[in-house]
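Two complexes follow with chain A in common, the first pairing it with chain B and the second with chain C.
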Partner chain A sequence: MLARRSVVRTLRQPLMVVPSLVFPLMLLSINSSGLDSTTRLPGFPTDSYFEFALAIAFVQGALFSANSAGTNVASDIESGFLNRLSLTPLRRVALMMGQLAGILALGLIQAVTFLLVGVAFGAGIEAGLAGAFVIVAMSLTISLAFGCIGAFVALRTGSGEAVQGVFPLFFAALFLSSMALPRDLIEIDWFRTVATYNPVSYMLEGIRSLVITGWDAEAIALGFACAGGLALIALAAASSALRTRMVRT
Partner chain B sequence: MAGAAIEATALVREFKKGPRAVDGIDLRVEPGEVYGFLGPNGAGKSTTVHMLTTLLPPTSGSARVAGHDVVKEGAQVRAAIGAALQEAALDPFLTGREHMKLQTALHGMRGDEARERSETLLDRVGLTQAADRRVGGYSGGMKRRLDLALALVHRPRILFLDEPTTGLDPQSRSALWDEVGRLAADRGVTVFLTTQYLEEADVLADRVGIIHNGRLVAEGTPEALKAEIGRPSVEVVPADPGDLPRMRGVLARFGESVTGSTKGASVRLSGGDAQLADVVRALDAEDIHVEHLQLHAPTLDDVFLEKTGRSLEGQVEEQPTPAEPAVA
Partner chain C sequence: MSRGRGRKHSARPRAHGSFSSVAFAVGWRNAHNFFTNPAMIVPALLFPLFFFTAFAGGLSRVDSIPGFDYGAGYTTFVYGFVLLQASAFGGIFTGFSVARDFESGFSRRLMLAAQRRGGIVAGYWLAALVRACFTIVVITVVALVAGLSIDGSAVDVVGLYTLALMVNAAAVLFGSGVAMRLRTMQAGPAIQVPAFLFLFLAPVWVPYDLLTGWVQAAASVNPVTVVLESGRGFLEGDPTQVLPAFGVALLLGAVTVLWARGGLRSAERAA
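Right after this comes the complex of A and B.
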């Protein structure tokens, strides 16, 4: 029931759903038209910048999940809804799973939309139909990771404003990754180093490999490892914060 | 239920920053009783409710609700109580019926049982027609009534209502009072009600506890508390504001001064209402023309004033003190 509530609540907020679809597609459109000449760089993995940039939409959409999850959790705290839930026999793990259902629903809508738009505008998914399913799975894992971070911030602070305040940091993480260029083509040393240690790079490269390379086991494994690892850490942190927040005796 | 429905002994709650929100409260509420916990914002009412409903562990002291220790037997306490806390805790994106469906499911009800319970309660609080509308479009009174229905889903023996009518219009307030009164009278539900409204405590409560700065300063039936004050007060407003100092001097002969009158002066009549004629004669003898003169029977506000040195009326719109929002 809580999962259903979380999904319904998310889908009934167009201002939460629509920007998470429109802004990534806008950025994709701007990047792919403005940076197309980048494909002429020696060693660039594809001759279509649109295909290269398609992965960004999935990760950017997932960043909106963090905002969505965090805002919803903060709203439950601020309105006292969490207290109401605390007074029922509900277990904490069920509450956390319920909240995550909304994130996954939004993530699924995003992933399917970005895939369909990508294919409609000429992107070939090299890994085929099975690869498309893997892209959706990886995208959901990334959404889960960032959604849990958003939920963690909300549970720690109890404030929707705090969640909004953290949102730009996620974008900084995206911009300091291999978002615009493959890591080996980044010429600025510090930027390449940051991008190398930035897990977002591997999330992007995992999805990107399925679009432009095919079945690259290492890229896919790294993508899932980074997204899944981050999801586990964030889930543990959010669960701990929920334990503190629901201090019922 | 054997023994008290709610019992607290030397209950204390301290927050890291700020004074003791609750400072050694002793309480005993009998089964089926409506207990009014009266005090201004920041007095410690909500903190007490949060401790009694297991949402906040006490710093020290003990409390038993429905016979169970609130610290050691939280789950049993929660199974026995329903609570509508400050600000109706509702999801604006769900409908009233969806709220009921969620709440019945969280309490383990399924199928027909859940549906029947939902419909019964929606009907009882007069929300059947609005049940499929999103709660974001409900009025304050409708939200409070839905909040009450949600608190009753699992048929609790004890109901905690934390300022259930704050911010409501008189009509919605009256409707909620009726429902709370019915619950106690027809179903034998024990009601622990916090309020900052004197009238609410007077109308609803079998007994009233007055809380001030985290301490229980008076307790008893509204009638007994008012009888304790005993003597009426007289409020006089002079026709010429320049006569106010002289008028105060005259009134001082008849009893102690009480606050509350903005344009004039009030005194508690040491000899009771029989002195009223003497007051009028004395003012006339001093050639003080009177614009307004009124005899007041003792109210709960007089009780509050007597016990705390402050009037409760006029304080109700104050903001909470820093100590209480941590749990609000």
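Right after this comes the complex of A and C.
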């Protein structure tokens, strides 16, 4: 019931769905033309920057999920809906997953759209059709991870404005990763170090490997481990924040 | 006699509602809001710094691409863009303040009190100027620490920052024009998206000759391209396209003055 409500509420808000599809595609289009000449760098893994940059759209779309999830949860807190739920015998994790169902639905729409646009504009998925399914699965895990972080912030603060305020930090995580160049081509030491410790790099590289390289077990495993690990930690943190909020109620 | 007395009588309110007093009051209020509200000052500083760090750090290898012919280095190349971006967004964010003032009803009261309403727009421009100067100083200090190399002469530096402030003026006039027509915070995307597109459809990461595809076509007709390339020329100590750049900046200023004037008329009709 909660999951259905979450899906309907997310998908019927064009302001949540449209920007999360349009902005990543716009950035992809501008980046792939603006930075195509970087494929001339020795060691660059492909001769098409579009293929290299396609992975960014999936992660950027997931960042919008964090915003949407956080905003929805904050809205439930502000409207008192969460207070009423606290009177029911619902388990916290079930409640959280119900709240995040809309984000997973949005993540699915994003992943399929980005894949179709990618293929339509000439990106070959090197890992084939099965690889495309793995990309969708990884993309959903990333959406879940960022969605849980958004929900955690909303539950801790109870404010939609606080969620909006955290949004730039998510973008910082994206920009301080191997988003624009492969890590071994990043020249500045401190930036390469930050990108190496940044889990977003591995999420990007996991999706990117399926597009460019094919089946690279290490990249895929690291991608799922970082996205899944982050999702578990954020889900636990959000559940704990939910308990605290319900105790306050 | 009676005409003279009338002038004398009206002299007092004019002192409080004159163009300059309105401009300074609005400018001071907005600048004060900017410096005392973390929600305004933090994003204004964070975004350009963040872009500078991400581009100059993550893409520094780009200066090894065959055909990359900018002598002052990639950090300086990126600074040229971030300076322009910070100037433009100083104006754009002030446009948001205009929209917020209309939504809260403050501007309606202001328009009743101000005899010379052009002073209201001038006040927002002053606030945008203060914001841009503050942001530019912070970004420049950070960039100098990060390896910015200004090879241009003092005249080049004056040219560079004059161009940046002209872009700031055009941005605030554009933003004010939109905000005064729509008079709601929903005007945000209508202010931000065109500015974003103009900025990012210029040679942001690589020189114009290294762009490919539709972005190169867009950059060739984008007026921001010539301003950006001129700014980078000033930084490198090799001024290029100076007259076209100042011509474009002046033209943008003239067009946006008319646009803001139309917005003010629209707001007056609605008040």
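By definition in this document, the second predicted complex is superposed on the first by the 247 of 249 C-alpha atoms of A that agree within 3 Å, B and C clash if a C-alpha of one lies under 4 Å from a C-alpha of the other, contacts with A are read in each partner's own complex, and residues count from 1 in each chain.
Everything that follows uses one rule, which is that a residue touches a chain if its C-beta (ideal position, glycine included) is under 8 Å from a C-beta of that chain, and two chains touch if they have at least 3 such contacts.
All figures in this text were calculated on a predicted structure; none of them were measured in a lab.
Peer 1: Where does A:Leu176 make contact in the superposed view: on chain B (first), on chain C (second), on both, or on neither?
Peer 2: Only chain C is touched by A:Leu176; chain B is not.
Peer 1: Would you sort A:Phe81 into first (chain B), second (chain C), both or neither based on which partner it touches?
Peer 2: first
Peer 1: If we overlay the two complexes on their shared chain A, which of chain B and chain C does A:Val22 touch? Say first, second, both or neither.
Peer 2: A:Val22 contacts neither chain B nor chain C.
Peer 1: Just checking: does A:Arg5 make contact with chain B only, chain C only, both, or neither of them? Give me first, second, both or neither.
Peer 2: In the superposition, A:Arg5 contacts chain B only.
Peer 1: Does chain B (first) or chain C (second) touch A:Val93, or do both, or does neither?
Peer 2: Once the two structures are laid over each other on A, A:Val93 reaches no partner at all.
Peer 1: Does chain B (first) or chain C (second) touch A:Pro168, or do both, or does neither?
Peer 2: In the superposition, A:Pro168 touches chain C alone.
Peer 1: Which residues form the common part of the chain A surface touched by chain B and by chain C?
Peer 2: The answer is that chain A has no such residue.
Peer 1: Spell out the residues on chain A that touch chain C in their complex, using ranges where they run on.
Peer 2: 29-30, 32-38, 40-41, 165, 168, 171-172, 175-176, 179-181, 185-188, 190-191, 195
Peer 1: Spell out the part of chain B that touches chain A in their complex, as residue ranges.
Peer 2: 53-57, 70-72, 74-75, 78-79, 81-83, 85-91, 93-94, 98, 101-103, 105-108, 134, 150
Peer 1: Considering the complex alone, what residue numbers of chain A touch chain B?
Peer 2: Per the touch definition, chain A meets chain B at residues 1-2, 5, 8-9, 12-13, 76, 79-81, 83-90, 247-249.
Peer 1: Which stretch or stretches of chain C touch chain A in the complex?
Peer 2: Contacts found on chain C: 39, 43, 46-47, 50-51, 53-54, 56-62, 64-67, 200-201, 203-206, 210-216.
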